[in-house]
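Common to both upcoming complexes is subunit A, partnered first by subunit B, then by subunit C.
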Partner chain A sequence: MKSLSRTPLKSAKLAALAVFLMLGATATAMAQNPRIQTSQLDGLAAKASETVDVNIDESLMALTTKFLSSKDDDERKVKELVSGLKGIYVKSFEFENEGQYTDADLESIRSQLRNPGWSRIINARSKKDGSIEVYLMHTGTQVSGLAVLATELKEITVINIVGPVDLEKLTQLEGEFGIPELGLQGTAPKRKN
Partner chain B sequence: MNSNLNSDTDYLWDKTGEPDPEIQQLEEILGTLRYQPRPLEIPSGLQVGKRSFFRGFRNHAAPLAIAATLAMLLLGLGLWLGLQRLQQSPQPLVKSPEAPQVRPVSSPEEKQNTATAVSSPEPKQKQIDSPRNRGNFPQVARNSRRDRNTVIKDQQLSLKQQQEAQAAKDQLMLALRVTSAKLSLAQKKAQNTNVPDLIHNQHKIG
Partner chain C sequence: MKKSIGICFAVVTLLGSLSVTQAKGDGFGEVVKFIEQFYHVKHQGIPLLARAGLKTATTVARISGGPRRQIAEAGSVKVAYFDDQDFRSNGSYVGFKSSMNSLLTGWSPLIQAASPKEEAQTYIYLREAGDKFNVMVVTIEPREACVVQVNLSPASLAKLMRNPDEMGNTITVDATTNDNQ
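Entry: the complex of A and B
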């Protein structure tokens, strides 16, 4: 009789355990998502004097890549750089006056970047010029995402690149599209003679 | 007196002794309210199962738990797939490995060449596969007209795609410029920062 009464309880416990494991796995997978949601900042567009909103998802990226010429050197390099990427998302707001945005506006972005998958590689802050934070997400040994959060007194910029960002290739574009040499981990350091 | 009382008391307790008329009268009056055994009558309108919901739930706890788990798993799977679909883009519009090169067509010969080069293979396959159409000139003419329409549609589609791709390319360049500018600024700021500050900026381990 005892065993009969325990069986449903055991099943329920197993079921609950399975649900918790599934939810945990889902939460972990979501935490490892290199895509940052920036729609919370859309409200700032009304206050901004200049807005840049670029949303290039994987399909658009594939289409664009096909139309980039392989003959032109610059376009070929850009093509090589973005060919493996799954998306580039840029949101930038420039305001006429100071104080048009608050830390609360940025908290939603920062909270996403506090997830365990992201690691901050650059955090430069100054009272005059604002701050710049650069984050990378690694999947294994490969970079799977890049995020830049730049704030100035009259400007906010959030950049999110999804996919295997090849920093070496990014470095190779230095000077051609204004892309600098970062000298980050994973990038082969160049010797300066 | 005592014996009288005793006899009354006896009658009162166990109906022995001399009967008391008052008590007998009371017995007659209260006798109508005596318990009379009768079978239980359940009203026909009474719903028996209404209050036994929790008992039924308790009896079927295991199957219900399994069903709830399956439902949760399906829900989780659905959410997961939905998120994956959101992250991943839909199928690319251009299926060919290389984008079709559209150039202005001037001569009719060129038009014909372009038509054969760009037209989709589906109508052609239909022509080959259906032997009834062989030697049927009106059908061929109709098919060629369809081919021409397909070519025009393809050209329009490729033009539209080109426009979309051009716009996307401009957006991509803009995104790269903004990214490069911010990264360059970050690099400069990081280089200008002192070494203790750099150490201060590192994440704590553990």
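Entry: the complex of A and C
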């Protein structure tokens, strides 16, 4: 009788453990996701004088890689750069006046970039030019994503590249696929977490 | 953007007559209808058959340095324009964008740009259509707007993807330019 009455309890415990493990695995997977969510910034659009939102997902990246010409030098170079990338996402806001956004607005982005896997490789700040933070996500020994948070007094830009990418590749992609000129050429990593 | 919308009107002048183009259930017609309802405006269409053979766009040629060729597949172009009507949103741009995204399920938003101060908006949506891509470009300015849908080959789309900021203008100009312009 005893064993019979304990069986449902045991099953319930096992089920709870399974759910707990599944939730843990899901949370870890989400924390390790190189795709960052930027929709929390959308509220700033109402105050912005210019907004741009570019979404090039995996299928479009694959298409670009497949159909850019290997014969044309320029296209071949770009094709090599984007080969293997799974997405390029850019969101930017320009404001008419200073003080239209606060650090609290950016926290939704920074909190994701504090998750395991992300490491900050550049943190450059200047009163005149604003700040630029560049983060890389490593999955094992591979880089699986990159994020840039660039802010000026009247401007915010968030760039997220999913896939094998590095700083050199990013600088070469400036001006392509909606990625703005960041002036990263020659920027040495200043701090690493 | 102004140039592209202006070209829409020039095409209509060239054709000498107006008719209503309203595709249903394919996204294009729904977007046109939504704009009409949101801004309380009425669109004018361009008879597409009349356009056949007129178009010789050079945009991809300029990009690729190749021979003159058009981007949009022949016969695939749908254009609706709104002339001299009020598109000032009074700050409702965010709501418009959100509604557009909800309306176009099955389409991927490639680029969404807005300048609320200038009351200007550009949207580009993509959808796979067999071995081609449907591309819809919506441009809105304070007094005029244009909706263009074209079929693009993957190769043309890949070239245009490199500069998504210019893509809307490129496609709109391509879709509404003819030999005489």
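Simple rule for what comes next: the second predicted complex is superposed on the first by the 161 of 193 C-alpha atoms of A that agree within 3 Å, B and C clash if a C-alpha of one lies under 4 Å from a C-alpha of the other, contacts with A are read in each partner's own complex, and residues count from 1 in each chain.
The rule is short, and it goes like this: a contact is a pair of C-beta atoms (placed from the backbone, for glycine too) under 8 Å apart; a residue touches a chain by one contact, two chains touch by 3 or more.
Just so it is clear, the model here is predicted, and its values are computed rather than measured.
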Clash-or-fit label for the pair subunit B, subunit C on subunit A: clash
Partner chain in contact with A:D72 - subunit B first, subunit C second, else both or neither: second
Superposition-derived comparison: subunit B or subunit C, residues of subunit A touched: B
Touched partner set for A:R35, first subunit B, second subunit C, both or neither: first
First (subunit B), second (subunit C), both or neither touched by A:A104: neither
Subunit B versus subunit C as contact partner of A:A46, first or second or both or neither: second
Touched partner set for A:E96, first subunit B, second subunit C, both or neither: second
Partner chain(s) touched by A:T64 [first = subunit B, second = subunit C, both, neither]: both
First, second, both or neither for A:V54, with subunit B first and subunit C second: both
Where subunit A meets both subunit C and subunit B, residue numbers: 52, 54-57, 59-60, 63-64, 66-68, 78, 177-178
Subunit C partner contacts - residues on subunit A that touch it in the complex: 42, 45-46, 48-57, 59-60, 63-64, 66-69, 72, 75, 78, 96, 176-178
Residues of subunit A that touch subunit B when the two form their complex: 7-9, 11-12, 15-16, 18-19, 22-23, 26, 29-30, 33, 35, 52, 54-64, 66-68, 78, 82, 86-90, 92, 119-120, 122-124, 126, 129, 132, 134, 148, 150, 157, 159, 161-162, 173, 177-183
Residues of subunit C defined as touching subunit A within the complex: 64-65, 91, 93-94, 97, 108-117, 126, 128, 154-155, 157-159, 161-165
In the complex, subunit B residues that touch subunit A: 61-62, 65-66, 68-69, 72-73, 76, 79-80, 83, 87-94, 98-99, 161-162, 164-166, 168-169, 171-187, 189-190, 193, 201, 203
